[in-house]
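Presented sequentially are two complexes of chain A, the first with chain B as partner and the second with chain C.
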Partner chain A sequence: MQTAVTILIDGLTYASWLFIVALGLTLVFGVLKILNIAHGSFYALGAYAAASFVGWAAALKWAPAFSIVAMMLAAVVVAVVVAPLTERALLRFFYGRDEVLLVLVTYALFLIMEDVTKLVWGANPYYVSEPYALFGNVSFGRQTWVGYDFALVALAVVIGVAVWWVLNRTRVGKVTLAVIHSAEVASSMGVDVSKVYMGAFSVGIFLAALGGAFTAPMISVQPGVSVGVIIVSFAVVIIGGLGSIQGAAIGALIVGLARSFAVHVAPVAELFSIYVVMAVVLMFRPEGLFQRTQARRI
Partner chain B sequence: MTKRTSAGAAAQRSALALAALLAAGGASAQETFKVGIVSFLSGQAAESFGIPAVNGAKALVDAFNKGAAPAPYNKAGFGGMKLEAVYVDENGGATKQVQELKNLYDREKVDAVVGYVGSGDCLAVAPAAEEMKKFLLLYDCGTPRIFEDGKYEYVFRTAAHATMDNVALVRYLKAKNVKAETFNMINQDYAWGQDSKKDFTWSMEKLYPGAKPGEDQLPKFGAGQYGTEISALMAKPADVTHSSLWGGDLQAFVLQAAPRGLFQRTQVVFSAADHVLPGLGEKMPNGVILGARGAYGLMSPKSALNDWWWDLYSKAYGVYPVQAPYRMVQALLGLKLAAEKAMAANGGKKPTHEQLAAALKDLEWESPAGRIRMALGNGHQAVQDTAIGRTRYDAAKKMVVLDDIVRFPADCVNPPPTMKSEDWIKAGFPGAKGCP
Partner chain C sequence: MGTPSSVPVPAGVAPGGLFASPGVRHAAAALGAFALLALVGSFAPKWLTFLLTMAAGNGLVSLGIVGLMRGGVVPFGQGMVFAIGGYAAALIYNRLGFTDAIGLALAGGIAAVLIAAPFAPLLSRYRGIFFAMLTLALSMVTYGLLMKLETFGGSDGFNLGRPTLLGQKLPDDRVGFILFLVTVGFAVVMAALARIYFDSTRGLVTLATRENELRVEYLGGSVRQAMAINFVLAAFCGGLGGALVVMALGHIEPTFSFWTTSGEFVFVAILAGWHSVVAVFVASTVLEVVRSFSSSYFPNTWQLALGVFLLLVIRFLPKGIGSLWHRERR
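Let's look at the complex of A and B:
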């Protein structure tokens, strides 16, 4: 019983972190049809920005609880400043081109951003572990978890519901869905597609940066943090179906639970577990769990 | 007038010819010894290993060229030749490293390459250098397999391999009477982590015959998130928890495990953790037993050479040197002595790759961390002393200090030249000498 609960909790906390990042990735693909290799770099940027913002908050003698606000602000700044700049100054010139070309462009962006973050923040690590202690600890049997991990689960739920609600219950969301289905038709109906692209890209980057910002207290922020997250995020969106929000949620849950089960039961298969799940899903649902099969346009 | 002019021109020509002859006969101040230095300048290993090591190299190359290093390293440059370093990023995987290594030899025309932190990279580049018959000095990577499974003429490693780290850890536990009836492990899933856990397990079998291994976690390199692994380690708590995690992975593990109380439930032992102490500060729990893969940093021995090196590095970078720059400096000191030895045997001329290799084979020299002896791998693999200590945060100094330091002579924790590490440990460390 204890082991089952532990697997469930560990799987859930890992999945929530993964969901926040993967949701941004799948949203950008859904709207802009860009497989954003640089998504991990925005995640890293969020982590670095959070380190700086939390440091400034401490210097201004803000109460420790406000470090959460500082982390949110860091993600907002990345989304408001860096994302539109990237989309307007770079990506829009490649819309309509082969998807492979966009993969190469975002890969180049990933390499550039790696060095830019190093130029700005240097190679030394940043520690912002104070927010990690804000929510105390939760004990169950032999286990003790940090309350912050459960706060991340709550944050993931709030974000998932908010994105779903905006997309399905608001005018902006319906316009975005129209662009997802067909940018051409939406444009002919008077939708400013480029604005939708910029908005969706910024939201996607906000989610990446938010994931990075809320991970910063658990790690030392340093060069290379962008790499690991992007690979496993791709596994999540491929399992769930590229562009599907429900898919990202279910994909993150599957990956989180599979990994947790493997670590507790057969640690040697930890890495393998994620990709075996992905392979099995792709065998039966090549488009992913929540991607509708699309008719080929002639 | 005309006569005097032509006599002057003749004298000038003679002087030029003499200079040319001198240059041809021995190293001149203008001649350079070009060394390619490969380490992580980006990616996950840059902060803890690559950049501190390269910083150490830069400080030392500068000191060499000024002739500012203490004797016997006080000859300017390498035997009068200016030392020129070309820095290359190790990030990008083993295949890329093989190509970069070939570029260094073929395009940059380097006289030697010093490099490689990653065990996988070392395993890949060593055969490539050997095939090209070019001098390669591995300065950091830990896997024992390089010289135990392979035989090389042109490849050397000037730091001890990982067997020493884990044998010393277990010997420390034994010397300090640490209870170890059960032990858990968490190591990265690649050559370094796999080799480390094997060496630790075999050493435990010999020195703690009744100890039972429990959890054997193998997260991938760069995982960053260890919540699930920490739960697994806490679910079946053991007397001792061993790890060879390093860099950002180690920092993340400590930051995530400490608030959950793992360090209170088990005696954590890290085989290569000194480099995270300056950064983590008070976030590193007290009482953790750790090694530095040598007698480095806070565990380095007192000597004039170490004092000079400590001051050089600390003044240049505002932080004390940890294991990576120490290993870089011991590599460059050895290379300098080998180059000067080879030059002396070569009429003062720059040595070839063959001559350099012959000069470094079986060489011994003093480093800030103690004496380095190329005693294993047919004179190609170094042994050195090491030390293990226990963490304590010193609030007055605002830094982590190490208490209960125990020093282990090289012959106590390294296998003899005639045995492979695995066989030596499994045979119960035959021939081990001077153990405390």
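Let's look at the complex of A and C:
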């Protein structure tokens, strides 16, 4: 029983930051049709930026509670400064090309960003411990969990609902859905598609950076954090179905629980449990859980 | 089906002479290339023969990817067969005491085929991003297993000693050159065979699949069969490459199966394009040169250089460097 609760809570915590990151990935894919390998690099960028911002906040003697604001700010800065620059200066030249070629473009971007983060922040690890203690501890039965973990779960729920609400209940969202459905038709109806592209990409990157910023307190921020995140969030969106919000949520839950189950019950399987789940899902649902099968082109 | 005489002769086959058969022409080209490379290798400094050995070994893996790319799918997990080939060769060397370089290379290729073949019918159903991701998942499962299995050396991997060749021990000062010859020899043979395969009926069915899958099936071709066979052939190339690289390095570790390794193979395949087999090895050499020069001159930014280089290629040479000299025949 105790183990089951532990697995559940660990899995939920893992799933929540993963959901935030994967939601960004699936949004970018849905609108721009780009499976962004560099998504993990933006996650890392968010984590590094959070480390710097929280450090400055501490230097300016802000109250510890403001470190949360500093982390938010870090994600916003990444989204407002880096994302539009990447989209305008690089990605727009490759729109409409083969999906796999676009993966290669973002792979190149990943290689570049990997070195750029090292040049800016160096190779030594950063620790962002202040925010982790903000929410105190929560006791449940004989065990104690860090409150921050639950805050992260709450944040994931808020983000998920917010993105769903914007997409389905606002004008901006409806325009975005129109572009997802057919960029050509949307464009002929007077939608400025390139603006939607830039906006969606920025929001997607914001979510990656936010995921990075809010996991920064739980990890040591160092070169290599991007590499692991990319493949795991790929697994999430592939399991859920590319471009689907519900899919990202369910995918994140499945991956989170599978991983925490493996960690606590069969540690040998930790490294590949996620990929086994992904392979099994793809075998039975080739397009993912929440994707309708598409007709073949003649 | 019409009579044989009504079958159109493929363009580019010149009538008459010793070089009339494409097989003879490709064999002659392979022999010529091997002689030239052997000559270059005998004069080249040690670092250059090693670099070319790595380029040829890694190029074999990318050659397999190009074979799949001709059918319109790109595997993002070819590190798996690369690792299987490497581990098979290294384990056979250490556990069974079989040390012949050519035998080990072939064993690597066969091991990769044996492990990859059961997945071929499954993978042949997938296209585009799903094919890429499923192969990626397989390679990451392999990576996870290799990291955890202590019998395979865990995350540190293990070393293997110096191979022999046809019963002869390799002398200290010549070992690099001889392994270079073996690797380049395999590379030219596989390149020639790949060219012959690409121009064969099945090779052309693969190419037609890239254009329009449904049309191929209406014409009586089996797309899934072609895809499955291409995947198995790519596995052989990958396993062969893995075994040859391991012999040259003398060490193997799980990162052989990590996704960034697979990414580099795809990088080379895209850089080469799917028109020319020679381009694959040129591209592989370019990658090795860029890697070794930038890692010694600017160790902190060599990935950056590689990324910018890749972007420039995709932007300005979308069909790969092979398109520079290989004109499409209509």
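Simple rule for what comes next: the second predicted complex is superposed on the first by the 294 of 298 C-alpha atoms of A that agree within 3 Å, B and C clash if a C-alpha of one lies under 4 Å from a C-alpha of the other, contacts with A are read in each partner's own complex, and residues count from 1 in each chain.
Methods note: a contact is a pair of C-beta atoms (placed from the backbone, for glycine too) under 8 Å apart; a residue touches a chain by one contact, two chains touch by 3 or more.
This structure is a prediction, so every number in the text was calculated from the model and none was measured.
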Taking chain A as the common reference for superposition, should the pair chain B and chain C be classed as clashing or as fitting?
clash
Taking the superposition on A as described, I'd like to know which of chain B and chain C A:Arg259 touches: first, second, both or neither.
first
In the overlaid three-chain picture, which partner chain does A:Tyr107 touch, first (chain B) or second (chain C), both, or neither?
second
First (chain B), second (chain C), both or neither touched by A:Asp115
both
After lining up the shared chain so the two structures overlap, which partner does A:Ser220 touch, if you call chain B first and chain C second: first, second, both or neither?
first
State whether A:Val138 touches chain B only (first), chain C only (second), both chains, or neither.
neither
Is A:Leu8 touching anything from chain B or chain C once the two structures are fitted on A? First, second, both or neither.
neither
Just checking: does A:Tyr127 make contact with chain B only, chain C only, both, or neither of them? Give me first, second, both or neither.
first
Please indicate which partner A:Phe94 is in contact with in the superposed arrangement: first for chain B, second for chain C, both, or neither.
second
One more residue to check, A:Phe272. First (chain B), second (chain C), both or neither?
second
Which of 1-9, 73-81, 127-135 or 361-369 in chain B clashes with chain C after superposition?
127-135
Do chain B and chain C land on any of the same chain A residues, and which?
114-115, 118, 227, 268, 270-271
Provide the residue numbers of chain A that touch chain B in the complex, in ascending order.
2-3, 6, 9-11, 13-14, 17, 114-115, 118, 123-125, 127, 129, 132-133, 137, 142-146, 149, 215, 217-220, 222-225, 227-229, 259-260, 263-264, 267-268, 270-271
Residues of chain C touching chain A in the complex
74, 76, 122, 125-126, 128-130, 132-134, 136-138, 140-141, 143-145, 147-148, 212-215, 259-260, 263, 266-267, 270, 300-304, 306-308, 310-311, 314-315, 318
Under the definition above, what is the set of chain B residues touching chain A in their complex?
42-47, 51, 189, 215-220, 222-225, 227-229, 231-232, 234-235, 237, 248, 251-252, 255-256, 259-261, 279-280, 283
Chain C-facing residues of chain A, complex
35, 90, 93-94, 97, 99-101, 103-105, 107-112, 114-116, 118-119, 227, 231, 234-235, 238, 242, 268-272, 275-276, 278-279, 282-283, 286-287, 296-298
